[in-house]
Structures are given as structure tokens and as C-alpha cells.
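Could you have a look at this structure, given as C-alpha cells, before my questions?
Naming follows writing order (A, B, C, D, E, F, G, H, I, J, K and L), and every chain is counted from residue 1.
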Amino acid sequence: MAKSANKNKALPIYVLNGPTLNLLGTREPEIYGTTTLADIEKMVVARAKTLGLSVVFRQSNHEGELVDWIQEARTKGCGVILNGAAYTHTSVAIHDALKALGKPIIEVHLSNPHARERFRHRSYVSLVATGVIVGLKAQGYLAAVDAMADLVKGQS
Amino acid sequence: MAKSANKNKALPIYVLNGPTLNLLGTREPEIYGTTTLADIEKMVVARAKTLGLSVVFRQSNHEGELVDWIQEARTKGCGVILNGAAYTHTSVAIHDALKALGKPIIEVHLSNPHARERFRHRSYVSLVATGVIVGLKAQGYLAAVDAMADLVKGQS
Amino acid sequence: MAKSANKNKALPIYVLNGPTLNLLGTREPEIYGTTTLADIEKMVVARAKTLGLSVVFRQSNHEGELVDWIQEARTKGCGVILNGAAYTHTSVAIHDALKALGKPIIEVHLSNPHARERFRHRSYVSLVATGVIVGLKAQGYLAAVDAMADLVKGQS
Amino acid sequence: MAKSANKNKALPIYVLNGPTLNLLGTREPEIYGTTTLADIEKMVVARAKTLGLSVVFRQSNHEGELVDWIQEARTKGCGVILNGAAYTHTSVAIHDALKALGKPIIEVHLSNPHARERFRHRSYVSLVATGVIVGLKAQGYLAAVDAMADLVKGQS
Amino acid sequence: MAKSANKNKALPIYVLNGPTLNLLGTREPEIYGTTTLADIEKMVVARAKTLGLSVVFRQSNHEGELVDWIQEARTKGCGVILNGAAYTHTSVAIHDALKALGKPIIEVHLSNPHARERFRHRSYVSLVATGVIVGLKAQGYLAAVDAMADLVKGQS
Amino acid sequence: MAKSANKNKALPIYVLNGPTLNLLGTREPEIYGTTTLADIEKMVVARAKTLGLSVVFRQSNHEGELVDWIQEARTKGCGVILNGAAYTHTSVAIHDALKALGKPIIEVHLSNPHARERFRHRSYVSLVATGVIVGLKAQGYLAAVDAMADLVKGQS
Amino acid sequence: MAKSANKNKALPIYVLNGPTLNLLGTREPEIYGTTTLADIEKMVVARAKTLGLSVVFRQSNHEGELVDWIQEARTKGCGVILNGAAYTHTSVAIHDALKALGKPIIEVHLSNPHARERFRHRSYVSLVATGVIVGLKAQGYLAAVDAMADLVKGQS
Amino acid sequence: MAKSANKNKALPIYVLNGPTLNLLGTREPEIYGTTTLADIEKMVVARAKTLGLSVVFRQSNHEGELVDWIQEARTKGCGVILNGAAYTHTSVAIHDALKALGKPIIEVHLSNPHARERFRHRSYVSLVATGVIVGLKAQGYLAAVDAMADLVKGQS
Amino acid sequence: MAKSANKNKALPIYVLNGPTLNLLGTREPEIYGTTTLADIEKMVVARAKTLGLSVVFRQSNHEGELVDWIQEARTKGCGVILNGAAYTHTSVAIHDALKALGKPIIEVHLSNPHARERFRHRSYVSLVATGVIVGLKAQGYLAAVDAMADLVKGQS
Amino acid sequence: MAKSANKNKALPIYVLNGPTLNLLGTREPEIYGTTTLADIEKMVVARAKTLGLSVVFRQSNHEGELVDWIQEARTKGCGVILNGAAYTHTSVAIHDALKALGKPIIEVHLSNPHARERFRHRSYVSLVATGVIVGLKAQGYLAAVDAMADLVKGQS
Amino acid sequence: MAKSANKNKALPIYVLNGPTLNLLGTREPEIYGTTTLADIEKMVVARAKTLGLSVVFRQSNHEGELVDWIQEARTKGCGVILNGAAYTHTSVAIHDALKALGKPIIEVHLSNPHARERFRHRSYVSLVATGVIVGLKAQGYLAAVDAMADLVKGQS
Amino acid sequence: MAKSANKNKALPIYVLNGPTLNLLGTREPEIYGTTTLADIEKMVVARAKTLGLSVVFRQSNHEGELVDWIQEARTKGCGVILNGAAYTHTSVAIHDALKALGKPIIEVHLSNPHARERFRHRSYVSLVATGVIVGLKAQGYLAAVDAMADLVKGQS
């Protein structure tokens, strides 16, 4: 099984970001801070590199595009770190795509949804995620990369 | 009215498939079996042919694209067979598009959603469908084609 | 296993009909049409014959009698097609009898319960049915016979 | 239409009583009083007679039997007075049979269900009844006969 | 106790009518018919007279006025027949006033609230009424007078 | 029908205001601003005049009085603009009076109730209103007058 | 009162079994085990005998028949041990019959309904039972006989 | 600010009582005791006097009148002690009037609503009250006066 | 701040329309009328012009595209008038995009959603809209333009 | 009975305080003020003394310890004043202990739980308390002592 | 496996009792009878002895202590008979401790919780118990000992 | 502020573990793995050391003890990492203690509660936690230490 493990390690982590995360750093900074998504991408790529992993980092406002990318990660990625943003709370389509992934999934949110409106308390992602990290701002992405590295190693 | 009936018959059935159905045959085969969506397309086209009908067969992970196609079927199709997959349970947009269709609608699911998670028990499609066929796997598509042929005949 | 398969094929399909279906063709024709239950029985028997299958076709207003018949089908039938009518929405007893059947189950409804009152949206039958076909009127019974033939074949 | 009116008047009122009403006068007399069901039958027949009407008066503990009798009343009765007792709160089958009746329906209860347990607050009979009379004990049956006479007259 | 009974009999029945019943005969006649409230008053007074009873008949759009009148009936009436109309579904104040009445209460509605919107299914009046009569149109008031006569007699 | 249309135009718009709106300009100015109800009356009368309409402008803390006025508008007004304030969320009586109006109804709120407490999300007025305008402060009354002018014209 | 106590002791325990329990030992043995209902009857009769009691042991798939038998037990039995099976969760009729029994009632279930589907968590029988014993398989019937013997003794 | 404090102290406490409290001492004495509202007024006035405060003490069955009085207290009172009785549980209008008061509010109930029917558990008054005192019978009014004196002092 | 106000005024209003609104005038005309979306665009542009404002008018069936456009309006528009159609009831993504807008938002619906199915009663748009205008058909868009002009002016 | 009354008076009031009240004066002072629990104890002891009563004053973070102390108060106290803090909303154990107390119970909260999070609206203590005093800060304890003195006197 | 069975038999049954059961015989005797917990201990020990089993019998008002004891029973007991009293309805901690036990569990209640308040209908213990015995008073403990003896034997 | 920051850094992280976590490694290893709590303590202490932080690591089955320790951390710790286990879902007391902490809080769970029973979906801890990390097994504790180090640094 060493071979498929090697192959797995060679594949990048897919770090996928949902709607309105492209505005990060400008939108409601009192909740989300001033770090931009580009800043986070840099931090994530750097941390992954120290762990011998590469990263595919993307953002979309389209539910269907997120589904497409999760499907792409089935054959081209070693796992998915997903900040589904608003779709977290409404998308059964993303839930189903994740369920078909067959790879580790880490759900990330910059803020703590449990401390916000009631409709943010339900997560279709959490139901199928391996792990969930919320409220740690940009730092949460790095913790997710660390966890993913650990989970990918665990597979080999 | 014979004329518009003839015209109606000449129009193809739109068979539309929702998110993650493109993975059919590989995703959770213990629930959905190993038949691929391409296999189903062949079966559906063949069955429709024996009933003197043609088929437009499509799949998308995008809710909006499914809405576009349902709207297209208003003038270019004789009816819609829809396996909305995950969007079945969350999409009022698809519900509204179907409501505006003015043609027969058959809802199909490969598995039986009533025997799965609670959030799969609500169907916005069922509220406006002429008929619903679930749990019969690929065979359900063929039953839907038979029923659609019958309904289209009924219109002429 | 060829032997028990042969034996299974030789057994009739049980087509069981719940309360007030005996009034079919007279009761609320705007919802259920003018076809009588006797008409449906003839159509069903004919279709089954073309598929090499026989049919036991019955109707009762009594929940307990429907339970008795489902139990009878355990040893004397190859599967059950059930239009439970009103008991669909209230009978755990029928649910339990079906669960103990160990044969394919197709649930049928002439109209689409999802488009009617809220208390018709819950089905104790759907929870254990192999497949569900609703809204196709008498045609739905024939689709159920086709599906059952397929499922029985699948068992052998 | 005078003819069918005459025919209608000639038909008896069906007064149907649900489970455990046969114990009336002995069961929980602090709620239901000491009058027996036979006493009520006598009062009802007498009152109907003064209004030129005859009565079919029956009791059953079986839901299916009540459904059978309501169906019988479609052709042999001029209307139904129903004390569905416990089935009032659980029977969609009786609801459906009443819906198919096409004659006036008066729902009667000896006590006031709204002043008792919560599960007695829902009535599937009230949803389709012409009128509802509760809490007036045996007197409620007589009020129902009066109302039925009025409604039958209204039909002619 | 004969004396207080005599006194009780001498007191009129309070027949109290809630908001918008003053429009009876003009408002939504397909639900409420064309009989006016004045017509009903005449019928009620006439029927009560044949039973040796007098009537105080009033209507108000004001919840507080209905409460005032129910309180008045405590000392000046023998019982209350109440068609609370809209306040039936929202007024705990009327509920409390009725609870303090210490006399028989008959709730009346012209139509059957159970066959209308969901928010008309809850009745704060039914929780404390001796009897409830709905769906019998103007006739329901007469049945209520009969029942009240019976209950008042029962008190003596 | 030109005559009744003429008559209709001649009738004033009833602009009715519910409880505590008399305190406008002093109560919770951070939500409702400093404009008083007298200010709004002046603006409304002026705008209606430019559209050839007159206005009856009133305020009451009494649910019953609002019901009385809505009934008055049936014969003396051409339509009702209603800011029901707190009664919006609790009054079936006002709902019923509006339902019997037979004229256009515009519901207005100064603030946006959907952005406030949960018990302000249900509106018995919205269920029967022709149109609803919320969140536009005093400006919303003017928009309502415009819309009413349009609707009244549409009737002629 | 010694006489009626003697008389009570002389009367048998009614052990009544609901729908599908006749299939015991064959139906879903992983939940219910392989013991048949006839096996349980023998065990129950034997245990009762050691306690000086006789037993009437019956099974029915018909709700109405169970109601009939509970009514029979009012005069011919000393108490009822009831495994209502599916009717436990839906039958107000059985609830009412038990309420009118005036004798001890022990509810028994072979499995633990609380560890199964949500709709098995509500028991109309538990609301009126003296005691409830679940999850102890056939052994539960014996515990129920012991408890009934104790309760019957307590009555004398 | 000493001046406005002096002015505030000079203003009376408004003690307002809701529907049916005028029957106190006669209505359901097992819940509310035999003390009349006049008795309570005397006690309240006396206690306030010892604290250097005067009292306006009123009762109404009309929701609108209570709203009027609360508005009056904005300029003429130093605070409101409110026993809203039935309106406590249904009146958003009173809630809004209290919210606009800008003075201390003490809610009082003679009995403990939490130990009564479920619909008495919700209080629109509690949501805006400074303090709530229930279950202490007439004594609760005196505790409210003490608390109000304290709060008014706190304002100066 | 006059400068940024000037700049603001120079920016167009974004008028965004959700799924199936492209079918306006053909789809369910009994609810939505025969005016097409192109007709509305003309009316809107004309009205805005009279107020010194320009308009960007778009329609999409894609939730993600609507999110993109709302984001575009952050820098290129002076405010958003949104008829979200079906997405109104399901889209947290649009809710979040609007929350990040930092400009006035007017929600518009042609019909009154409160008078339709229950799932149309919840609006994620209303939770963040400045104002909401429903039920006024095409006229509602013009009222929204008026209101927006007023709000934009208010900003300068 | 004078003797047991004397004995009762001799017993101290138990004033019991739940979790995190030991932090009073430091924790969230904007809600709870700066008075410490020791300050309150002094005030309470002083007030009780003026009424001829002694006090046992305790605090615990442990639910079980509060149960132990309530049980102790059955024989060693004349009544319990309980600020259950967080356990108010979750503890059936404290509810049961209070139910077994057989002495007066006054529930106290410094703030008004009805004006805070939804999970603080349910109180298991209120269901069994004689009286409830909330929102009056430290002053509420004194009101509770007054009330308890009154209730204890009432017992003698 | 005979050896570990022997070892298992040698271990005592843990009979654990929750809050306020120490007051048994004095607290609400109309519900729980006059038998004390010490009486029950004696009966339980005696019965176990006749079955060759010893008993550890304890009571605590502390949830955490009950958790400790259940953990102790993992290695030192052969099974747990638990009357969790109030914690039954609220303790996930006890639920988790029982889930980790790996030994038979019998839940016992003296009274029938289903016939009491709604918040006593949910049992976190029932979800993991092997068997549940309620309503049989002290006798229920003996039935539990019998059942436990049977289950322990079944393990060997 | 450098001084208090220095002081803060010198204080240890409190890592607190709730009920049944002491059984880790033996209890349900298919969910929680075979690592023991002692193993985790070692890993946590080591990781903290590399970050220049010390650790207080404790476990308790007692809700009150966890509350005590959280209070202790107010003055003696720099932050709390809490795996509340079962109390997570039921303890308002722990919620209140955390709310009074005034230091960073990281909630940790070994498994993903969202993928388990419904009653594990509610977390009173998440409502007040700075961050939440679930599903990453022992690794989650290390991620929490990293995050805490970051947060503590952020404070200085």
C-alpha cells in the first residue's frame, strides 16, 4: 500500500472557499479581521510547504462550482479543507459531493458560527467532515493544514 | 388541437440530472449501484425510441443551470423527467421553474429518500410533480419514460 | 438457489388496496379519475400475465386485514404492491408487517400525496418500501408491476 | 329535483358510534354520565320520528367497520351523525370515507375534547364535518338530529 | 334550592357576539350566508320565548367590552352563549372572564373553524365552554338556546 | 361601472395607525426617527392632494376602535393604509375586518419588523394586504399613498 | 370485600398481543430472538400457575379486536398484560379501553422501543399503565406475571 | 439633576390592573384568595405613603385603556407597577407602551403563572420589566411598592 | 462629505432580479400579470431618469451570479433593489453579500409572499434590507426607485 | 398548632445560591452590579433579624450540594430562598428536592432572565416556587426575606 | 469462556439510586408509598441472595458521584440496576458512563414517569438500557434483580 | 500593558476534561481510539513546552468541579482548553463560568459531535468559546494548544 500512499502524498490539498470570502479584509472587519484571502493563501501555502505538501487554493460564489471542485479533488487532491461560508448552512449538494470524496475533510470557519444567528448553527458540512475548526480566524486554516498533513500521513 | 399535439410529440423529453449524479457508478455504490449515468442515458434513449420519442439528456452540478434547462424545456421539450438529487430538498428556484413549465413532470430518484436522512424527506419537486418514482434505481428512469409517453399522448 | 428462484417466480404478486379505494371511479373523480378498482385489477392482471406473473388483488377498509394479507404474502407471494390509502399516513402496524415481509415492496398512490394536505406527507410505508410510485393514476399500478417483475427476476 | 329530495328524506340518518361507547353509563361516569348508549338510541329515534326521519344506530370498536358503515350511508342514508370517539383523533381512513360521502355530516362528542388531553384536540372528523357539537352529553345527539333534519330539508 | 332556581330561570341568557359579526349577511356571504345578525337575534329571542327564557343580545368589536358583558352576566344572566369570532383564537382575557362566570357557557360559530386557516383551530373559549356548536350557521344559535335551556333547568 | 368608479374616487383613503404611534418622534427615536405622527399626517394629506385624493387620518391604542374604523371604510373610504403597530402581530380581529373590506389594503411599518424580535415576524395584516411597505420610515406612507392612488384608479 | 377479592383471584390474567407478534421467532430475529409466541404462552401459563393464577393468552392484528378483548377483561379478567406492538404508538382507542378497565395493567415489549425509531418513543399505553417492562425479551412477560400477581393480591 | 429627581419623586406610582382583577375576592378564591382589589388599593396607598410616595390605582378590562394609562404615566408618573392579568400573555401593544415608558416597571401577579396552564408561561411584560414579582398574593404589591421606591430613589 | 455624496449619486442603482423572472408576463399571469421584465426595465429606467439616477438592470437564474453582482455593486453602484424571487427564501449567500454591501437595499416582490405557501414566508433578504415593498406588481419597482433616490440623497 | 408554629419560627431561613454567584461583584458587572455575595449576606441577615428570623446563607457550584442543602432545610429550616443561577434552567434534581420540601420557597434572580437568552426562560424552580422575584438585584433578596417572614407567619 | 463467566457471577450487582431517593417513604407518599430506601435495600439483598448474587446498594444526590460509581461497576460489578430519578431526564453524563459500561443495565422507576409531567417523558438512560421497569414501586427492584440474574447467566 | 502581558504568559493553560474521559483508550475505541488521557496529557505538556507555556491538566466527572476549576483559571491560568464531554450539551453552569472567565477559551472534542446523536448537536460551550476544534482526536488537543499560544500572545 506504500505506493498509493506515495501517490496520495504527491497530490495537493484542495483549500476551497465559499461565497463572499473574496471580500475578506474589507467586509465586516469587526467579525472577520483585516487579513485578506490572498494573505491566507500565502500563509497556507507556506505552512503546507514546511509539511511537504502543495496546495490548490480557490474561491467561488457559486455553489455548483464548489461542487465541481470537490469532485475534482476526488482524483487530483489528497483531501479538502473547506470554508463553505454561507453554503455551509444550506447546501445538501456540497454535503453529497463531500460524502463521495473518499478523502479527509476539514471544515474551517474564521468566526464561530455558534455565536451568531440561529440559521448559522446548522452545518451540512459538519455532518460529513472528519474535523471542524472554527473561531480561530486565519490561524484556523493553518491548524487545518497541520491536521490534514496528519490525516494524509495516517492514510499511507 | 391535433396539430399542437403532433408538434408536442415531435419535441424531445428533457431528462435532467442534478449534482453528483455524474459520479454515478463510482460514488457510494452500496446505495446507488454500479450503473453509470452514461449507461442510464443509453437505456433511456433506447426505451424512448421504442415509444416514438427522442430525449435530451443532461447533468449539472449548478442549480441555476438546471433552472435554465427547465425553462428551455418550456418551448423545446414535451415534458421533464428530473432527478434533482440534492437540490430536490433545498431548491425553491427549481420548484418555481417547474411550476412555470406547463408540461408533465416526473420526479425520479435512484434510491428511496424516505429511508435516508431526515433532510432528504422534504422535496420541493414533489410539490409540483405530476408523478414521482423513487427507489427503483436505473429502472425508475425507464418507468418514468413510459409514464411520460403516456402523459404526452394524453395531451394530444 | 435456482430452485427457490423458480419457486419465487411461481408465486403471485400481492396487490393490496386500502380504505375507500373500493369507491374508485365514483369518489372525488376530479382527483382520482373515473377508472374503477375493477378496471385497475383487469389492467394489472393483464400486464402481469405478459411478464409471466400472476396476481392476488384485494381491497379492505380494515387495517388489521391488510396486516393479515401482508403476512400471508410472506409465504404465498413473491412481493407486495401496496396502495395503503389513508393507512399509509397512520399505520405503524402495516409498517411492521412490511418490515417482516422479506420480499420486494412497491408503494403506489393514484394521486400525488405531496401536493395534498400536510398529514398526507408522512408515509410509514415509504420508510420500508423498495420503491414508491405516485401521481400516475392507474398507470402507476402498471409501472409497479413492471418494477416488481424486474425485482423478482433480480432475486433469482 | 323534488323527486330526489323525496327519496333523500325517505332514507334514514346513520348515527355511528366509535370505540368504547358501548360501555357508556359504566365507564368513567364522572366524565360521561350514567346514560347508556341504548338510552341515547331511544332518545335519538324518538326525536327523529317527531321530525319525520328514521335512524340507523350502530356502534363498533373497529375503525374498518366504521369506514364500511360510512360507505354504506352513501347510498342508504341521508346523512351521518358520527361520534368517532378515539378514532376522531387518529383516523385518516374515516376522514377519507366521510369526504367521499356527499351528504351532511354532524360530529358529536359527549364531553368537550378541548378540555381534555392534548392528543384529543386534533380531529380528523372536524376537518370535513358540516357541523360539530360537543360537551352537551346525550343532549348533543338530539341537537345533531335537529340540525341534520334541517340540513336534509335544505337539500330538497 | 327551588328559590334560587326560580331566580336563575328569571334571568336572561346573554348572547354575545364578537368582532365583525355586525357585518353578517354582507361579509363573505359564501362562508357566512346572507342572514343578518338582526335576523339571528329575532330567531334567538323567539326560540328562547318558547322555552320560557328571555335574551340579552349584543355585539362588539372590542375585546374589553365583551369581557365587561361576560362579567355583567355573572349576576344578571343565567348563562352565556358566545360567538367570540376572531377573539376566540387570541383572547386569554375572555377565557379568564368565562372561567369566573360560574354559569353554563355555549360557544357558537357559524362556520366550522377547523375547516379554515390554522390560526383558527385554537380556541381559548373551548377550553372553558360547557358545550361547543360550530358549522350550523344561524341554526347553531337555536341549538345553543335549546342546550342552554336544558342546562339552566339542570341547575334548578 | 363608471359611476361607482367616480363615486370611489370621491371617497377618501383611510390611513389608520395603531397603538403607541401617537408617541412617534419621542419613543425610541433611534428606531423610529424624530418625525411626529402629525408631521406624517401633513405629508400624507399633501401627497394625496397632488393625486386628487383626500385622506382620513386616525390613530388609536384600541384594537376594537381600529376594527370599527376599518368597517367604516367599507362604505366611506376607497381603501385602507394601515400601520397596525403591535396589533399587526396579534390581531385576528383586524385581519377579519380587513378581509371584509373589499377595497385595496396597503400595510405600512416605519421600521423593518423582520430585523427585530421574532414575535414581530408574524403579520396577520400581511396575510390579507394587497401590498406591504416596510422600513422606509415616513417615506413609506407616501409610497403607500402613491400605490393606493394607482390601485384605486385600477378599480375604475 | 373478601368475597369480591376471592372472585377477582379466580379470574384469569388477560395476556394480549398486538400485530405481527404472531410471527415471533421468524421476524427480524436479531431484534426479537427465536422464541415463538407459543413458547411464550407456555412459559406464561406455567409461571402463572405457580402463583395460583390462570391465563387467557391471545394475539390479533386488528386494533378493534384488541379493544374488544380489553373490554371483555373488564368483567372476565383480573388484569391485563398488554404487548400492543405497533398499536402502542398510534392507538387512542386502546388507550381509552384500558382507561375504562378498572384493573391493573402491565405494558410489555420484548425489545426496548426507546432504542429504536423516534415514532416508537410515544406510547399511548404507558400513559395509563400501572407498570411498564421493556427490553427483557420473553423474560419480560414472566416479570409481568409476577408483578400482576402482586397487584391482584394487593387488591384483595 | 437634583431638580428632575425632586420632580420625579413628586410624581405618583401608577399601579395598573388588567382584566377580571375587578372580581378579585369573588373569582376562583382558591387561587386568588378573598382579598378584594379595593383592599389591595388601600394597602398599597398606605405602604407608599410610609415611603413618601403617592399612588394612582386603576383597573380596566380594555387592553387599549391600559395602553393609554401607561402612556399617561410617561409624563405623570414615576414608574408603573403592572398586573396585566390575561393581557400579560398576549399583548404586544402593552409591551410596546412599556418599552416607550422610560421609567421603572415592576410586573406583579398574585398567583405564580409558571405553575398554571402553558399559555400563561409567556409574558410580553417580563421581556421589558425591570423586575417581576409573582406568587406572593396581595403581599406582592407591597414588595413592588418597596422596590419601586428604591428604584425611583436610585434615579435621583 | 459632499464629494463622496456627489460620487455616490453618479453611480447607478443596481436592480437585480432572481430566477424565473425572465419569464415574467408568460408564467402564471394570474399571479404575476402580463407585464414583461423588459417592460419593467423600461419603466424603472424612465423613473430613475426623472430622479437624476441611472440604472443597471439584470436578471439571473444563478444564485452565485446574483452574489457576484451584489459584490460588484459595492464599488460600482449606489444601492441595490433586489427581487430575489425563489432565492429570497433559501439563500444565506445572498444575505451575506447584502450584509457586506454597505449601501441601501430595497427588497421587492411583485406578489405578496405572505399570502402564498409557507416556505415563502421566510426571507433572508428582509433580515438585512433597509426597506421591503411587496404585492404592488410592477408599480413596486417604481416605489423602490423613489425610495432609493430618497435614501441615496439621505447619504450625501 | 401554636407549638409547631413557634418551633417553625425558631428555625432559620435557608438562603441558597447556585453556581458562579461566588464571583458576584466581579463577573459581568454591567448585568449584575458590583455588590458581592458577602455584601448580600450581610444585608439579608440584618433584614431577617429585624423580622425576628435567623439565616443560613450558602453558595455552591455543585448541583448535588444544593440538593443536599434543600433536603437539610426540610428539618432544619423554615423555608428556602433560592437563587439557583444556571441550575434554575436545567435541574430537575433541584425541582424534585424543592417539591419534597414542604415549606415555602421563594425563587430569586438578580437580573431578569426573561430579558436574556432563550435557554434562561425555562425555570424548573418556578414550577414549584411559592413566589418568584427577579430583576431587583440585591434588593430582591430583601423582598424575598420580607415575603418569607410573611409566609412563615402565615403557617403558624 | 466458562472462567470469565464464573468471575462475572462472583461480582456484585450495583444498585444505584439518584437524587432525593434517600427521602423515600417521607416524600410525596401518595406517589412513592411509605417504603424507605433502606427497606428496598433489604428486599433487594435478600432476593439477590436467593439467586446467588451479592449487591452493592448506594444513593447519591450528585450526578458526578453516580458517574463515578457506574465507572467503578465496569470492573467491580456484573451489571447496574439504576434508578436515576431526576438525572434520568437530564444527564448525558450518566448516559455516556452507561454506554461505556459493557455490562447489562436495568433502569427502574418506582412510579410511571409517562403518567407525570412532560419533562419526565425523556430518558437518557432508556436509550442505552438493556431493560426498563417502571411503575411497580419497590416490587420493580425485585423484578430488576430477577432480570439481571437472568442476563448475567446469559453472559456465561 | 506589557507587565500584565508578562504575567499572563507566565500563567499555565488550564486543560480541563469532562466526564468519562478518564476511560479514554478503553471506552468505545472504535469512536475514540486507544490513546489514553495520560497519553494526551504528555503530548499536550510537551507541545506547550515548545511554545514556552505550562499546563494544568485535569479530569472530573463532576459538573460542579469543572465549574470550580474554570473559576480558578480566572486568576491562575492564561486560558482554558475544555473538552466538556457530556456536560457540553447540558451545562448552563459551565457556560456561565466560561462567560465570567475573561480569557481565551478553546473547545475540543475528540470525535465530531455533529456526526452523532441529535442531543450532541447543541453545545453550551460553543456559544461562548473563542474557537472550537472537533473530530481530530488527540491531535485536536495539540491544535488547541497552538491556537491558545497564539491567542495568549495576541493579548500581550
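Please note the rule applied: a contact is a pair of C-beta atoms (placed from the backbone, for glycine too) under 8 Å apart; a residue touches a chain by one contact, two chains touch by 3 or more.
These figures come from a predicted structure and were not determined experimentally.
Fewest steps needed to get from subunit F to subunit I, stepping only to touching chains, is 1.
Counting only chains that touch, the fewest steps needed to get from subunit A to subunit H is 3.
At the subunit D-subunit E interface, residue numbers used by both copies make up over half of all numbers present, so the two copies contact each other through mostly the same positions. A count of C-beta contacts for the chain pairs A-I and B-C puts B-C on top. Averaged C-alpha coordinates give centres for subunit C and subunit L that are 56 Å from one another. Our note on geometry: subunit E versus subunit G, Cα centroid distance of 47 Å, whole angstroms.
Centre to centre, using the average C-alpha position, subunit B and subunit J are separated by 65 Å.
In subunit A, the residues that reach two or more other chains under the touch definition are 62-65, 90. Under the contact rule stated at the top, the pairs of chains that touch are A-B, A-I, A-L, B-C, B-I, C-D, C-G, D-E, D-G, E-F, E-H, F-H, F-I, G-K, H-J, J-K, J-L, K-L. Put simply, subunit F touches subunit I in their complex at residues 112, 114-115, 123, 126-136, 139-140, 143, 146-147, 150.
The touching residues of subunit I, counted against subunit B in their complex, run 18-20, 22-23, 26-28, 60-65, 85-87, 89-90, 119-120. Subunit F contributes residues 62-65, 67-68, 71, 74, 90-93, 95-97, 99-100, 124 to its touches with subunit E in the complex.
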